[in-house]
Amino acid sequence: MNYFVHPSGLCESETVGEGTRIWAFAHVLPGARIGTDCNICDHVFIENDVILGDRVTVKCGVQLWDGLRVGDDVFIGPNATFTNDRFPRSKQYPEAFSVTRIEHHASIGANATILPGLTIGQYAMVGAGSVVTHSVPPYAIVVGNPGRIVGYATNHAAVTPEPHAPHMGSSTVTGVRGVQLREFPIFEDMRGALTVGNFAGEVPFAPNRYFMVFAVPSKDVRGEHAHKICEQFLICVRGRVRVVADDGKARQEFLLDGPQRGLYLPAMTWASQYAYSADAVLLVFASHAYDADDYVRDYSAFLALVSEQDKLR
Amino acid sequence: MNYFVHPSGLCESETVGEGTRIWAFAHVLPGARIGTDCNICDHVFIENDVILGDRVTVKCGVQLWDGLRVGDDVFIGPNATFTNDRFPRSKQYPEAFSVTRIEHHASIGANATILPGLTIGQYAMVGAGSVVTHSVPPYAIVVGNPGRIVGYATNHAAVTPEPHAPHMGSSTVTGVRGVQLREFPIFEDMRGALTVGNFAGEVPFAPNRYFMVFAVPSKDVRGEHAHKICEQFLICVRGRVRVVADDGKARQEFLLDGPQRGLYLPAMTWASQYAYSADAVLLVFASHAYDADDYVRDYSAFLALVSEQDKLR
Amino acid sequence: MNYFVHPSGLCESETVGEGTRIWAFAHVLPGARIGTDCNICDHVFIENDVILGDRVTVKCGVQLWDGLRVGDDVFIGPNATFTNDRFPRSKQYPEAFSVTRIEHHASIGANATILPGLTIGQYAMVGAGSVVTHSVPPYAIVVGNPGRIVGYATNHAAVTPEPHAPHMGSSTVTGVRGVQLREFPIFEDMRGALTVGNFAGEVPFAPNRYFMVFAVPSKDVRGEHAHKICEQFLICVRGRVRVVADDGKARQEFLLDGPQRGLYLPAMTWASQYAYSADAVLLVFASHAYDADDYVRDYSAFLALVSEQDKLR
Amino acid sequence: MNYFVHPSGLCESETVGEGTRIWAFAHVLPGARIGTDCNICDHVFIENDVILGDRVTVKCGVQLWDGLRVGDDVFIGPNATFTNDRFPRSKQYPEAFSVTRIEHHASIGANATILPGLTIGQYAMVGAGSVVTHSVPPYAIVVGNPGRIVGYATNHAAVTPEPHAPHMGSSTVTGVRGVQLREFPIFEDMRGALTVGNFAGEVPFAPNRYFMVFAVPSKDVRGEHAHKICEQFLICVRGRVRVVADDGKARQEFLLDGPQRGLYLPAMTWASQYAYSADAVLLVFASHAYDADDYVRDYSAFLALVSEQDKLR
Amino acid sequence: MNYFVHPSGLCESETVGEGTRIWAFAHVLPGARIGTDCNICDHVFIENDVILGDRVTVKCGVQLWDGLRVGDDVFIGPNATFTNDRFPRSKQYPEAFSVTRIEHHASIGANATILPGLTIGQYAMVGAGSVVTHSVPPYAIVVGNPGRIVGYATNHAAVTPEPHAPHMGSSTVTGVRGVQLREFPIFEDMRGALTVGNFAGEVPFAPNRYFMVFAVPSKDVRGEHAHKICEQFLICVRGRVRVVADDGKARQEFLLDGPQRGLYLPAMTWASQYAYSADAVLLVFASHAYDADDYVRDYSAFLALVSEQDKLR
Amino acid sequence: MNYFVHPSGLCESETVGEGTRIWAFAHVLPGARIGTDCNICDHVFIENDVILGDRVTVKCGVQLWDGLRVGDDVFIGPNATFTNDRFPRSKQYPEAFSVTRIEHHASIGANATILPGLTIGQYAMVGAGSVVTHSVPPYAIVVGNPGRIVGYATNHAAVTPEPHAPHMGSSTVTGVRGVQLREFPIFEDMRGALTVGNFAGEVPFAPNRYFMVFAVPSKDVRGEHAHKICEQFLICVRGRVRVVADDGKARQEFLLDGPQRGLYLPAMTWASQYAYSADAVLLVFASHAYDADDYVRDYSAFLALVSEQDKLR
């Protein structure tokens, strides 16, 4: 094969793709499988049970342990550190090492630490110096120790209500197919405030059930799934939460922060909720009864379904 | 007429009902109209433009000023003090004195102060020493300076959830016709808590609309009306609120304090909500679209309607 | 008898003590019993089932209703208002009117309102304009609406720890027989703070049991009793509370506000605790097992016992 | 003299002004001095050491005790209650009774309670049912138990900044002679916010000194004085405070609630500050060094000085 | 000696134990002393004044500086970083480098940073990516930046009270020799709540003294010692704290979070308290007077004493 | 040239200063320029567009990327990690890599992470394990993730007011040329507290303007500049802030935490403000009108000016 190994580098594997370069003091064990056009920098160490896709960059000082699966076009920053044993003790080995998956186009920041057994979703970005303790959803941006989602990579500007806008009934056009942001009027007088929505009118469907999500630790993301036929209408009646809606092509973020603001999600919308305030209560109306088969929980499966439905149109 | 005036009392009015007694050092001006079987105690002073119903008790040291209208069976405690000018200055008189109405069976506590222009509703009770600055709804109990509603006179024991009861799905029978208190299960895991209700099943009707009431100052009462045909289902998703339900005969109070607890109010139920916590958000499902004609806002009219419907049964 | 009635006053009772004066527009019903040297001012009204001791002052505009028992040397300010029915309705009478007792040397402020069925203890003082909703212990000073105890009349200066004094082990001599205020050292380092007390040494007895008082609404007073043989040691481990100790002759107040400060109460000490902060937890060590017979809950009985024991010394 | 006493009234004084009326069951002792055109209603009691001005109204059930001084045009509502002994005990009298002064045009609300030894300033208004525990400044409006200043009677509308107005540099014309309200711009960026004022330009004088007022209990009023030659510039750098400015003819209230808002008070402006928030810090620039002789602390003296200066113009 | 050095590794020391392997691009300086069966991975650097025990694992990218002392069976994760100078400046050296001790069986997580001069106790576990700023006690689990104790490695499940269990008197059997968890009843009424314990009955011994621990920063651990003869009874009267009890063989954790819950620790129990809430007050009853000789503060010495006593049984 | 490369090291550059040592497994690319007496430890990697000053220490496991500029006498701890692309994606390169500057005598802690495009000021110190997300001013000490300034390296002890000292007027001599710390008396009474300063007396100049700084996020530092001729007087009227004053030779830190404490900064004083409390309001009096040319914002320029002025003395 046509790949390059620096004279001071050690490459014991022969499964290395064309155009890949392996630099000085790097060491690749015999079982590793490495794709084409990769860049393996100085002082990198790669064990046997490791698979790298194409066009992967591994910067200096990184070790890739048994159990690591790296997709195409992944970037791994310098001194980023992986693990494969949650409670390591010397000379005591788990039955099987945890598998860490880094999906295509993800980026691992310099000197980040990734705990064992996690998946870093496609296009996700882990900030430099972060310590990642939970799996990272597709497109999510994670920073800090412990790592928290601080945003999502989207392709439409976020919709954040103006703080002191008059609360008029209105509907905002969004960049995501079918998604509507409804603003209901607030009626205030000395007795307090009131807001009203009519089902199958302002709320675009007759609900089959409601549920409420509350007492969510702010570190957590809820949702991260789509429904095949169920429509939903989300209102944050107390506190605030951010919702990212995704139709498979366009992604947009919405801040829900009051009982007068509802977000309509049609079927086949991938949605993530994050940055819950401590007091947040999220009320959701759903158009259909609970049906486990209606959920699409894997983003790749969601993309496949979207693609399939688009062909039928 | 057959009424009694103590030798040391002064009664200049001749419109005094049979059986009424007027005691020592009391003084009734000529224009006052007083019903039957009243008791006007020592040191009372009654001006001209004053009307008293039957069986009214006025204890010692009370003055009834021009503009006071007192219904049947009212009790006015000793030294209770009325007013008819909000910003009195000596020798400056308003164009017309404010009218104060005290509806039948109400009770004004000893040494209470009633600001001008208010209505004290039927069966309401003003605590001793209170300073009443707003009108008082029927049956309400008011105490303090300024006076706040602290309860309602009911004829069934209040339903207050046990603080540490397991959150099981259940339904409580109430003393008010058709009213149900539902308890839904709570599902909790590391991501937070969840509660679900199915419409037309656990919630006894399919909703036509929802509304939310929030930011209610704790001093205020909302509701105080009935619906002719609309049914409602109330959930306090955050904080707490007290609800008094009344079918025209029986009255009962309910504490709503969590997203898993719903109160069903059938049509023709008079309801008052009070003692909102600062953070309360009350979610209401309603069976019908908004219709101003569906509201009964006057308690006497409500009683008349109840009585009419009972005859048809 | 040798007493005075103003020509414009009405006194129908003949049980009136020597030297008592009854003034203009006052009205005393036949059954009332009034002691010697009383002063009954203008516009006072006294019903039948009322007993007044000697040297009582009743200022203008006061009514004394059936059921009122007034001790010697009591002062009742102008327009002070009493009640004898907690939920008065016109023409509906309770089986028996509530009895209100005002013990000797108490003082009721001008325009105060006293709810029915209460006892105002000896030497207690009710502030002008107060609304008294609970019985008032001996010596207590009550103001506000609703009335709250804001202090006690004592004959020794209160002991309030200096806010920034070094926490040294020490023992303060008090003005009350046998009572000791112990200050234990606090040991602080980067890990936190520590305080220690030895039983039967720094704590003057070996405890038989402990109990803790907490979640006390600040309006409430606990204690107000003495023990015949049981000794106690009080520490306010969180928050703050005021304790008044009384040996029957001397009274003194102590502020307990930290885990390093203990108050020893020997047997036969009358103690009151009040002004609990919202977070207060009061820890009490007791020298004896619980014995209902060990409690002296009536202050007069306590004084009698003290007097008896003094004779034996 | 030409005054009226009702046949059931008792007037033992002969110092009663022309046109004054004294009604049934009222009782005036011989030493009282009463002005012209007064109205003394039923059941009023007036002791000897009492002086009333002209055109005073005393409603039913009021007692005026020794030591009361009432100015012209005062209104005293029904059952309002005065006191002259702070710690009354029966048969124990203070060396001298406290003197209570009610200045001209003041109004005492129905059933209010006035503690001993206070002054109620000219045009002040005490709300019905209030319990007044401190002296009340001229024009102040007091309500509650204990009574708190909730406003001032002014003859120009209060200036309250719009909550979300952009902070532009500007100057507001006021209704009080020479007083200016300056709004400075705020410059905000990610590092925080900044506001600037130039002396002898935006601030209308070169300061000789500054002072800061803070930690003011919210119940208290500071200021209540004028300066003869010193000019001042007030900024509430933290929290909020209300300032009433008075040129002797016009009065206006200003809310100061941010570091960008300054109030210029020329010499000979009477100013009161009240409703301090707990965290308020009021910064004052003064044009002159401190001089005790520059202060005018008595409102009547201030009015006299204004009048004198006006003549010189 | 029989040890292995990879052809691309550099080992200048000859004090290397049998079975130890030193891999590619690793570099060991001449003075280092390394035990048997160690594993020194790629890109490791070991200075001269370094001592390693037996069966130590040093993963890739780690440097061991002068002053490091590593016990047997220690695991050091990849890119874990040590320090030996608290305020390093180029070319300025401290008189002596700080000594870092890692006791046997400890585990240092991947990419963790250890500040100079600390001791990591036996079996302790430092989480991946942590920054350790204080010494770590035996068995403690530390994570975060700065590192905080979040748990202890135990061999029995933790005992955490059910949040809404009725407060009944009860006693829980534990996995640690002699340790008991007692649950006392709570008596609540309108005046507050009360809980009582009888000594030598519900509390298993007569106390000689009490002490209270409070104001503990949540980052800190208290305790970490055993008593030779003294028994203790722990109650967290306010807030919450976690206690780990250890008899030398079994270890178990207990959550104390209310005044009705007591933990009995017999003599010869090693105890650690951590995760104090900000408001925690821990009350401890002790069976004996304070005696410095009664404390065992070194865990190894404790294990030796346990073993000795076991032989005598 | 006279420099050393270990036999297992790779140095492709020829621009290496005298006395510099390059150790095993280190790799220097041809374009790098390295000063004299540097120490480049094992496993270091240095790219082409990198410049190092003299006496620089680079500990093991560090990579220096294109765009890094390192001053004289810098220390870079082991495994410290740099970056030059804020949003790295594999095979996507920014138009130009960010430049990171580390000024002379700075110290980068072990395993710290430095985000791209920042400047680390002279003598600054980055703590071990920190993640640095903003530029660091000269002398600042930064720790944590994200990194925050926790202090400044100074050569005089900080001045922190004693918490309970009586507030007497006083002036503290400081270690920085011309800087004065003034303590004004506080006058407290029941109405609140007052503090006063006289211009051109206690405040050492007549102000031309004032400004106020507030709403500063606590992570931020303001100031970091000197004035050529303008004098300033700083008072923290609410909350607290730390100020570091520097005359070019001496540096000292002052805690300002009350309206009675003012810090005088003469012209040509470099000042930094940090650790603002959330509620801090900093009032500054300035002797001159705003003039952009009066600011010296670069610390090196400031040092040059100081040196120039010193020569003129």
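Order of writing sets the chain letters: A, B, C, D, E and F. Residues in each chain are counted from 1.
Here is the rule we go by: a residue touches a chain if its C-beta (ideal position, glycine included) is under 8 Å from a C-beta of that chain, and two chains touch if they have at least 3 such contacts.
Note that the coordinates shown come from a computational prediction; the quantities given were computed from them, not determined experimentally.
Asker: Suppose you hop from chain A to any chain it touches, then on again the same way; how many hops at least until you reach chain E?
Answerer: Tracing touching chains, the least step count from chain A to chain E comes to 1.
Asker: Sharing more than half its contact pairs with A-E, counted by residue number, which one of C-E, B-C or D-F qualifies?
Answerer: When the residue numbers line up for over half the pairs, the pair is B-C.
Asker: Please state whether the interface between chain D and chain F is built from the same residues or different ones, using more than half shared residue numbers as the mark of same.
Answerer: Chain D and chain F contact each other through largely matching residue numbers.
Asker: Measuring from the mean C-alpha position of chain A to the mean C-alpha position of chain B, what distance in angstrom results?
Answerer: Between these chains, centre-to-centre, one finds 54 Å.
Asker: So the centre of each chain is just the mean of its C-alpha atoms; given that, what is the distance between chain A and chain D in Å?
Answerer: It comes to 64 Å between the two C-alpha centres.
Asker: Determine the centre-to-centre distance between chain A and chain F, using the mean Cα coordinates as centres, and give it in whole Å.
Answerer: 37
Asker: Find every residue in chain A that makes contact with two or more other chains and list them.
Answerer: Answer for chain A, listing residues that touch two or more other chains: 25, 43, 61, 79, 111, 145.
Asker: Of all residues in chain A, which touch chain F in the complex?
Answerer: 8, 24-25, 37, 41-43, 55-57, 59-61, 73-75, 77-79, 105, 107, 109-111, 125, 128-130, 143-145
Asker: For chain F, which residues count as touching chain D in their complex?
Answerer: The touching residues are 188, 190-199, 203, 206-217, 220, 222, 237-238, 259, 276, 279, 281, 283, 289-290.
Asker: Across the complex, what residues on chain A touch chain E?
Answerer: 10, 25, 27, 43, 45, 61, 63, 65, 79, 81-83, 87-91, 111, 113, 115, 131, 145-146
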